[in-house]
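Pasting in a structure now, in structure tokens, and then I'll have a few things to ask.
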Amino acid sequence: MPTDTVSPPGRGGRSPDHYVAPIEDTPLQAVDSVKVDAKVSSLWADAWRAMRARPLFWFSSVMILFIAFVGIFPQLFTNELPNDNCLLANSNGGPTAGHPMGFTKQGCDVFARVIYGAQASLTVGVVATVVVVLIGVVLGAVAGFYGGFSDGLISRATDIFFAIPFVLGAIVLLSVFQGPSNAIIVALILSLFGWPQTARITRGAVLEARGADYVTASIALGVTRFKVLLKHVLPNAIAPVIVVATVSLGIFIVAEATLSYLGVGLPPSVMSWGNDIAQAQVSIRTAPMTLFYPAAALSLTVLSFLMLGDVVRDALDPKERAR
Amino acid sequence: MLWFIGRRLLQMIPVFFGATFLIYFMVFALPGDPILALFGEKTPSPAVVEQLRAQYHLDQPFIVQYLLYLKSLVTFDLGNSFSGRPIADVMAKAFPVTLRLATLAVLFEAVAGITVGLISGLRKGKFFDSSALVVSLLLISIPTFVIGFVLQYVFAVQLGWTKATVGPQAGWSELVLPAIVLASVSFAYIIRLTRTSISENMGADYVRTASSKGLTRGRVVRVHVLRNSLIPVVTFIGADFGALMVGAIVTEGIFNIPGVGGTVFQAIKQGQGPTVVSFVAVFVIIFMVANLLVDLLYAVLDPRIRYAN
Amino acid sequence: MSIDTQANVGTASAATADQRKPMLEVRDLQVGFTTQDKGIVPAVRGVNFTLNAGETLAIVGESGSGKSTTAHAIINLLPGTGKITGGSVFFDGEEISAMNARQIEDVRGRLIGFVPQDPMSNLNPVWNIGFQVEETLRANGLADSKTDARQKAIKVLQEAGLSDAASRLKQYPHQFSGGMRQRVLIGIGLSSQPKLLIADEPTSALDVTVQKVILDHLAMLTRETGTSVLFITHDLGLAAERAEKLVVMYQGKIVESGRSKDILADPVHPYTRRLVAAAPSLASKRMQIQKVEDADATELTDALDVTMIERAEQREERAKSGRGYITVSDVSKTYTIRRGGFKADLFTAVDKVSFQIDKGTTMGIVGESGSGKSTLAKLMLKLEPLSGGAISVDGKDIDSIKGAKELLAFRRKVQPVFQDPYGTLDPMYNIANTIAEPLNTHKIGTSKQRRARVRELLDQVLMPQSTMNRYPGELSGGQRQRIAIARALALKPEILVLDEAVSALDVLVQGQVLNLLTELQQELGLTYMFITHDLAVVRLVADRVCVMQKGRIVETATTDEVFDNPKELYTQELLSAIPGAGFEFGR
């Protein structure tokens, strides 16, 4: 289309440096038209799409599912029983047929112990994380949303518990703990000192979401404060909590191993990777593989959670999403 | 600034009382005989029980017990260890060793961590960055004691570059390997933190403006990117003291270092509850002071906090 | 600027001598951003223009038009994955687009100064102001010692309009107001007396009166030194007023360019025409012309303005029946602000404010930041308690509303629309649930009826019904504001409190939403409290105007009175600061 046809009739005589682009170069689009053909994308759908595209996501989640399955049904993976049939004659023995990872100092099958050890580690990780998220989210949300006196009280309590590094706190409590210890108890004790981080993160996220216009709009609609917290503020504040929860699940597993290694965690009668590593250290020079296998299982599990945490963070991080 | 310091000190008071009370409560107010509990499976001699009852004033009302305990904490009157030596003496002897170890560890994690993190952040998505990320994830997911065993086995036993256990003098050179083990997890966190911080700041408006002023890329990175990115890193290093102390228990145990951590390690292993509890209480106080110092450091580094009301 | 008097004289005389010498030539410039899934997405698609020595040229466009990208590409500071994919840039005869990193570093700052958009984020928060100016001077070889740099930095800042520069050198950016920071950035940009200054929306984040002062100052400085200026802006009025040449960009291309007067008087490309028609600052000008000279004005005025004027007349008719529908009398709001120590200051955000709004009309509340206008909105919505005075709606004192039931009834009557289109909708809720929330809260209708009402509301705000299942993240700013309006209308309110409801929108979208608002008012007989910082917009929609300053009302009058015969000095200042106000529509 020649330029002239778009100039209004009866005008002309434009200055020579007045340039007008041919219309077909930049066809005029309707102002602010709605894309009707694009895929629906909520935050979660977008995050899912972003995660799905990453091999790391599949690797870590398949690993986690597999380990969880092993933890729940160890008997499906080995016919050996981890504690029975231990023959001292096999002490620190190398791999033989049916015993691919050899034997421990006590002559127990390493493979079976690695398989059966998954349960304790996972239980500690999952229970501690669930409890930490429950306590942290409730306290953090109340402090951040209602502010004032409740905020002051909760924030000081958070500071107090935060002042005790959670492994140190667990060492004290576990060293005076009387009665039989098990994975649940270790998990609860870890979460007793682990919740402040989640509470702080939730509080920060809630404070941020609370100031959004959609919150004010809902209050102006007559929605009660509690419902606003539940329906608008929390869903928008939960993303960073999910990320931290995923990562701390792995950290709790490491903490349990450290406590067991120190001798205050799970009692030796409970089968766990931490206990096995601690027991294998005495024979590290003669049979390093008895230490390697449980350590590798533990690290791989933790690594899976850390990687999943990274993937989830990238997917939920608005800054990453904007790119 | 003065007001800021004053307010932080004021805020620390309830935290100090709260945290010490919490520890005391856990040990002495939970159901069961606290003295017996401190010894776990073992049964202490009646003389020891008597001495501990006196030391912890168990015949007094609970709140008085706590206040007297607090007094003994701040006056370092921490009672005697199993062997009959005053715990304060044990601590005085062990602290310099741990201080040396911690200094080496912090030096290592800061220098190496920031260097690797800086390169990673500037080359986000490149090969170096991906490898650094993998290494950092591995370091976090392998428990410190496993890293300790492995490094001890490889460098001391196999290669013979250093001694497997540290002597009673615990000189600087003997502590290099333990310090690396102790720093390993924090090293990994510092890589990740520096990397994120650097790559975030690289996209900041003021960095583009700095380039538009005609500064060289080197100066932009040094003065505008690195300086701003290091604020969270430096505060992390300070706040990481807690992890460092836990790490010291494990690391000093592995290398048989006669430091504070090693003492706690031995005490846990031998079921010496009173020693463990006393030491952990001191750790918590150190951790609180470290956090306070970090907050002040933050204010020094970030003028927005220094001059805020 | 007279740091170096000799150089100064040199550039100035050179500028006058080679008035037509091209200073900056952009030839077929193309810029693309690499994305993960779509490959290279072009942002600038073949841009050509020439800026002569001593001239000012403005690039005008909406967000996403590629105007800022063009500016950044010239000095090779494209963000993230941006890359020049074709074309070339010549500066003073040299091809700077072919320079390596070191060479371009030498050009930046020394020969081409840059003033960025947002004063809040463009100064490094951890270095003091003095340091940031001094390092510029030293990097460009203008100071050889520390004391020298300090002396010159003070001079630079004083010339940029910071009279107390010497005493503020040690202060940090957060201790400066937005306007002051922008002065610092202008000082930095001009510190080396560059031949070219690129100013990327240098005043968009500032109040209009501050904007005017700063732009006047900038113009004076660059005129003195004969510096060429490349000015990037979204505001056509501002561009026309400040630059002799205009380049209009749309979708990464230039659609029209030439002398500003020619383009404003005779916009040819349909896109430019749209822009000219929608620019509120120019629109108010047009209305005045229309009054004087009907024949000439018909060509300049489009249908929008005619209908708006007609509607205003109809509203005036209707208002007679509902005088004083909303009565605000002596309303105050004070906040306690904690200072360091145990001191606390009382801050009066709203100070004894009184006015009335007639039923079915629009009251424009105009003020700059800190004027208390948004606090007034919160009080009107009963989101915060009054500190003094009374507000009555339809004869009922809102302070006397007690209990959940009465409050809900009040909420049904008065609804808000907020400024930030990105914060106004919960990103987790899809559009249907967002609009249905008020219906659910007030338990109106069955779920089927609610869905039908949602469809009806979407029709009312001219959004396709298919948006129901979409999420806010998929909509543009203007579309989100429409949804926010639909949500506000769901309860069939009588009053809408519009708090800067169109301020964050591009001008064309803004025009659309304003049009929608006036149509809805017509149709539903709504009463609007229209809060804005933009006097030009008020002219388009308001029947009466309150001008607020520092919590007080300085002037209340009908819109025409305020525009034609402003009584108060502050109102006059505001009016003369409207960008484009100084532009003459003569040919």
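Think of it as A, B and C in the order they're written, each chain with its own count starting at 1.
In this section, a residue touches a chain if its C-beta (ideal position, glycine included) is under 8 Å from a C-beta of that chain, and two chains touch if they have at least 3 such contacts.
Computed from a predicted structure; not experimentally measured.
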**Request:** Could you work out which chain's C-alpha centre is the most distant one from the centre of subunit C?
**Result:** B
**Complete:** More Cb-Cb contact pairs, comparing A-B against B-C, go to A-B
**Request:** Please compute the C-alpha centroid of subunit A, do the same for subunit C, then give the distance between them in whole Å.
**Result:** 42
**Prompt:** With chain centres defined as C-alpha means, what is the inter-centre distance between subunit A and subunit B in Å?
**Reply:** 24
**Asked** Between subunit B and subunit C, what is the separation of their C-alpha centroids in Å?
**Response** 50
**Multi-partner residues of subunit C (each touching 2 or more other chains)** = 80
**Prompt:** Listing for subunit B: what residues touch at least two other chains?
**Reply:** none
**Item:** subunit B contact footprint on subunit A (complex, rising order)
**Value:** 156-157, 159-161, 163-165, 167-169, 171-173, 175-178, 250-251, 254, 257-258, 261-264, 274, 277-278, 281, 284-285, 288, 291, 295, 298-300, 302-303, 306-307, 310, 319
**Prompt:** What does subunit A use to touch subunit C in their complex?
**Reply:** 3, 6-8, 11, 14-15, 17-21, 23, 25-26, 28-29, 31-32, 34-36, 38, 40-43, 46, 212-214, 216-223, 232, 235-236, 323
**Fill in**
So, in the complex, the side of subunit C touching subunit B is made of residues 72, 75, 77, 79-80, 101-102, 105-110, 113-114, 116, 118, 121-128, 135-136, 139-140, 172, 174-175, 185, 188-189, 192, 338-341
**Prompt:** Which residues of subunit B touch subunit C in the complex?
**Reply:** 3, 203-206, 208-217, 219, 223-224, 227-228, 231, 301-304, 307, 309
**Request:** Flag every residue of subunit B that touches subunit A in the complex, lowest number first.
**Result:** 11, 14-16, 18-19, 22-23, 26-27, 30, 32, 34, 36-38, 40, 137-138, 140-146, 149, 153, 157, 200, 242-243, 245-246, 249-250, 253, 264-265, 268-269, 271, 273, 276-277, 280, 283-284, 287-288, 291
